[in-house]
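Please read the structure below before turning to the comments.
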């Protein structure tokens, strides 16, 4: 309401009260003004009321919400379903223009502001999370993998002779596909076993660069966040190689924003060497639905080039989710989540270690991996041929999600490349193991239930009970137990075991 | 509620009434069962209550909504903001798996079902709209342009020697960019003027094919829906050329699902020749927010190949919007929208013709274009140098969206290609003109306001009043007039005129 | 957003577009200003976006939504559940103060405005609906019956000797209870049969007034809207009697706002005689959830007195529903609903007449009742003892709601009064009958389904099939038929027949 | 979804995953079944997903949501606005029937269940909160005051000779009005000063009973929760008097459910003497919007009688709010709130004591009041005539809500009764004072801000600065300070001081 409206209101109820209401409105407006002026994540999270007021204000700046608009184009932001309009807060025009996903739309000033502000907040958070010298970034409504593809496609125009991408192996399909889809040949660099850890083979990278010739190499494609016992790539050294040979360097930082270690690696890499872009998922780092990624980098112009490669307008939905989330959390709220994650990692580590030892297994020593842990399944594997995949299935049916039971000897072929020991990032890891991760938002209850259910599954497997329909000795006193009973029913229908454990 | 719950309810209120309630529930379940079994768009739209019940039921099948779930992975569908969870109906895991956007997710049976059902409904609607022999399709959360890029990237693997894409010219940036981004060189085929219409130069296409050699051509990239005076490409003949030379054929059918003519062209093309994929926007055809496209084709295996090229999980948001919309409309509702659009096209055509004649202009004769119309701006252009772009700005500030004022002689350079007469699809169209389109969801009120405001603008321009701050003779009686007043204020701040008129 | 915020926005996206957005905002604000200044129902309904913006603006004027508020009272508008806060648009403080339901709350300027505006809009609609000289009204979150009680309790203080309320009989429990609850003795005036109609016995009323003495009579309590064959009371003549004997007159106009005839009676009554207050339901007249009533009258001071009788703050929920509904409909939308209702009444009348004649029954001639109709069930009643109540049950199980099958000879005792022929408004109506009404919001589909199902039920009853489990000859082609099948299952469980038919 | 639907789903996505989804559904259903069977508040709160599933399930049992319903009655649950339908979860028919607010509606099995379950949960919570022997209760959508009126109106029918209600004075308008509205004469029993506390004068009560004669007394109307220095009435002794003289006893327990002391008094009163009904607000005890009360008692039949006095159907809105809230909190969540309130009371007490002493005032000793505190304003009052009311205004404009500054010597006349020293519950309390309360949901931040702002106001008043437009020495570093600045602007427009401080 503007001044005239408040004045009209004063004639209906006591002026003093209306004036107090109008002053209260200014407090909301003040927060909005700070946001628009500074483009930074507010320290304290906003309450829902301010968030929704802000979104409402932005939405009425879009032409589809103009009261007197008449549309004679082919895309007028008309919506058939009120449910749909509502869930998007009436932002219908998406973000970007045909030539540039970061461009401003004449028809949609509100959506354009939303897009600019979101990117600005995310930049702020990336700095806060450790990459202080980041220059620009944008949210793109595509998976991390597809966003990597977009980076590679952008680089193609700069390096017409390039055919290869140097890629320290990580056994995650979409990483590999991101290069295939872009039309390049991945050059797989096998990892080196150092203690229990799998680490980047720097010598092999450099040798490959020399062998193929830098101008035939599109870029080095490295990875931070990954499943143990693989650990983040040696980014600093890779960045130096890239700088030395004048090769672009793209980092897959999928769920690394949540880890100060991953962010530190990127910051250091860019300081001592070369990193052109780093790409991260919005869902894995900001607790929003799957669907977006952030492409960030240290050279403003290059990031803009990438944003100009996206042909057409794009969904505003991931940007909207990130905006709502960051405004609601505030930077303090986000910092708290980061801190709690670290504590959970430490708690999970302790508990898993205890359990492993109780079952004559051990927690792999992977100090460089700040998120994922692995516990050996050696005795289990020796006990029975299929016991490892069976454990994966059992955990799945017991509503443990995200645990990966990694057997020895899986083979996977993708686009003509065959990976021995697939899932374990190396041809022959010494033993089968089980992964668990402490990701942002995890609660101690997740850890406790996991440890409890894992223990039960291990017991059952030892006794050969996993497919038995009735298990004696199960006391039906808590939820976890109810789930056990359900799980036993389900075990028998699960056939295609190895599918449930890969992410 | 299941039978036990109803029984418990009967002990609290009269059994007869509870039983009636339980029977009523069956009616909703019945609709859901038909949908799941048949995978077809229901004839009559569902009411909100059934739609939301269905979504709720699906959502609780996803692991993030399991009451006893414990998550130890890196992506557990955790959501920080309740506002965000709510607006996505608690579908957090997106669609697809790392290797395939159409694949089923173990963690998210509900989201997977949502995805399958949506694709199935869309297939049904494409058939209903005229492409009866379509074999498969899927919704992808990317712009039409980026989706075309994905098709081109998929074809690359099948045609390693190909470097060119044959492209009958259409002046829309994202069409052009879709090829550049994919790393191919567009071979622009200029259009031929036939009467007022701009049509495909088939001879030039065939000549170019022979000149470059079919194996060096990735595909022909043709277009259906476009701005008049360009008309849909001669798809049948292009499809025959493609068949003869064994060249793939990808059709940009951006907003063509709403037109039986466009759909008929595709159906015929595939019957007599070759069409590998046709791509359309979800927002432009189904009245949902910007953000998704449908990739469809006549060969099931090829469409699956494309879906396997998307690396990573993707946003479920566009699929969810389409699902809600189609369930709410039903096929009858959608047919009604198609019918009304046709009527609006006819109405807009009549009204624009009248107005044109009143101003000594004429409606261009473009009978092959079923959606877009163009009226000459010859006298205006002669009257004053910048009058045409000025008209565009004036319409914009008067809240007419989507009208394009196309001046003579615009030049645009993109990725090294220079387009003379940009926006008009040809180097030298005989005259400046104004576009207006009758797209799905248009109301007669849109037409009436447009005609009224356009008339006023033309009057003002003739009198040289567009920048005058006070206009005499404006009666302040209706909304349109209020907007006039606003517009006059805005006119003075608009500098960068040509931007507002391009879409 | 205020001017500063827009200025900040202009620095992020193009100033011209932001300015257009800001102008667009003014259009919403303009509507809000008109509403606040004039307090009238807008002619054209507002779109959801404006309605929600307005509610949001009001809500942030309440202290529970102040960003810096600290509460140290016993009622601070705190809400435990976000779902609850959201569904009330964060209006938590209700309406009124301890002493007066129309008073302004210091803590809640927004809720107070909401209350004032709603009452003002409702007053406007009452005038529009026909009671042009109404002076004041307010929405009270109580049933019509309880609101009548409140009127009677207010009158008590003005008429200390009064013990009786003169009440032309209407067989609706809450009407009767409203007097009992207030602590008065209803003096039932039996209706007179005129043709098929049951009408007010004016002579009996006047005789009773003289017999009891005017000072012992609290008021005359008359009724407009009622089930045929009863018709609205002779308000004009009753109002004259009340004026002559100086007796207050309270009209139960429960669902009469939707009928110009009922409203005309009230307007005329007040013109020629005396009407102190008339009470109507919000749900029955404005298509909102059950829960509120409007107390209106011709003497501002008296209506204020009633509002001061409600001890304590009250739910804002019914007022909020009415406000949203009236703003969404606009006065034009409401007029359209009134017009459609009249047409439906006429359609229902025609169809029911045809059906009645086909079954050797007839439509009762009740021209003075503008909403409710009655069709005789004479042959049915003669056919079988319990057939009439059975018909009621059958219609209920076939999802016909609101039809009342009225048998002869029901007896009901309430608070010591025994009513012969209960439900029929008279001791001995000549025949059993079935009621159906055409209320606001009815669709022709309601009429068609009703006629179809009623026909089937009558057929079944004639053939004695109502309890048969399988009915041959039912073609399962439409929804109505599915419901038939369900209904047959239910029939057998329904025992307590007469309950389903009374409203 | 039922078994058939899941089976259909299994044919679309992997059976194992669908089956897991179906098992997960059972977990929600299980919670619902326990609720329906036991009618108790679940220990652990439900998540939003289960709450909304349950509401959705109930709603589709109401006839307005039947897919095949046809309505021919005068009240069919039609809703004009989708916003309105949605915010009520499509419960439109309200609760109760014309004769009884607790009765089951044939048209609305879902709403009826909602009503029954809510009342059952509330009964459970009342027991948990300390009144173990409560027999029955129901939520009524009226203010506490109006609900007391309903109790009195019910008693009238049992005590035809009664004209008086014995009422130990409490200065809260709606308490007094509840008796006036019901048509009875309140007999005010002045409180006795014991130390700082104002307590029930039992002798005066008994003397009055004897003087007026028990049969002329409708009931004793006592109060638990109240502003200090008044303390809860001596319920046990009053209950014994009532039992001895066979007089009904109605307790106003407005915000007493949150206090174990108040609840204990009621429990004890009923054990040793007579309590017929006790009435409490839903908003003040359960953190829901204003609008409902709970009428509870120890005799099932009497509570049913009261529920049968409400003429007509009633709003389901307060019941729905309570249901959502209790299911979301669970009994553990509610217990936690009770515990936190106690801690806040202690914290507020400590802080206020400190502040009082710093300003040469003192905290009144009122150990029997478990919720409200009072601090003297003696020196302030002596300092300046209007300083006390001015303090009230200043706190109001500084967004301190709920604090009451009580001056000496206010006089208030209501319905012919004059109260000396109004607001202080006694004719001549020794000094002016300020009230603050620790109510359910209070946070330590509320206390801190209150103490801070109160200190500033006291300082300003001493210096005579309250109306000065610029205050030196205010550091503008925190929110509280911003509010200070706003407040100074507002101070000048506030004239009608005493209104802001009364609740």
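Here the chain labels run A, B, C and D in written order, and each chain numbers its own residues starting at 1.
Assume contacts are C-beta pairs under 8 Å (C-beta built on N, C-alpha and C of every residue); 3 or more make two chains touch, one makes a residue touch a chain.
A quick note: this is a predicted structure, and the numbers were derived from the prediction, not measured.
Interface comparison, B-D versus A-D: the pair with the greater number of contacting C-beta pairs is B-D. Interface repeat of A-C: among B-D, A-B or C-D, over half of the contact pairs recur, by residue number, only in B-D.
The distance from the centre of chain A to the centre of chain B, each centre being the mean of the chain's C-alpha atoms, comes to 29 Å. Once the centre of each chain is set as its mean CA position, chain B and chain C turn out to be 46 Å apart. Note on chain placement: the centre of chain B and the centre of chain D lie 54 Å apart, centres being C-alpha means. Rounded to whole angstrom, the centroid-to-centroid distance between chain A and chain D, based on C-alpha atoms, equals 46 Å.
Residues of chain B found to touch two or more other chains are 14, 16, 20, 24, 27, 48, 52, 63, 66-68, 82, 106, 396, 399, 482. Only residues 48, 51-52, 63, 66-84, 87-89, 91-95, 97-99, 106-107, 141-146, 148-150, 153, 156-157, 172-178, 180-183, 225, 227, 254-255, 281, 283-284, 286-292, 309-318, 321, 324-325, 328-329, 333, 337, 348, 371-372, 396, 399-404, 414-415, 436-442, 445-450, 453, 479-480, 482-483, 499-500, 503 of chain A touch chain B when the two sit together in their complex. Partner chain A is touched in their complex by these residues of chain D: 14-16, 19-20, 23-24, 26-27, 30, 82, 396-397, 399, 482, 486, 489-490, 493-496, 499-500. Those residues of chain A whose C-beta lies close enough to touch chain C in the complex are 1-2, 4-5, 8-9, 11-14, 17-18, 20-22, 24-29, 31-33, 36-37, 39, 47-50, 52-53, 56-57, 59-63, 65-68, 82, 85-86, 90, 104-106, 109-110, 112-113, 116-117, 120.
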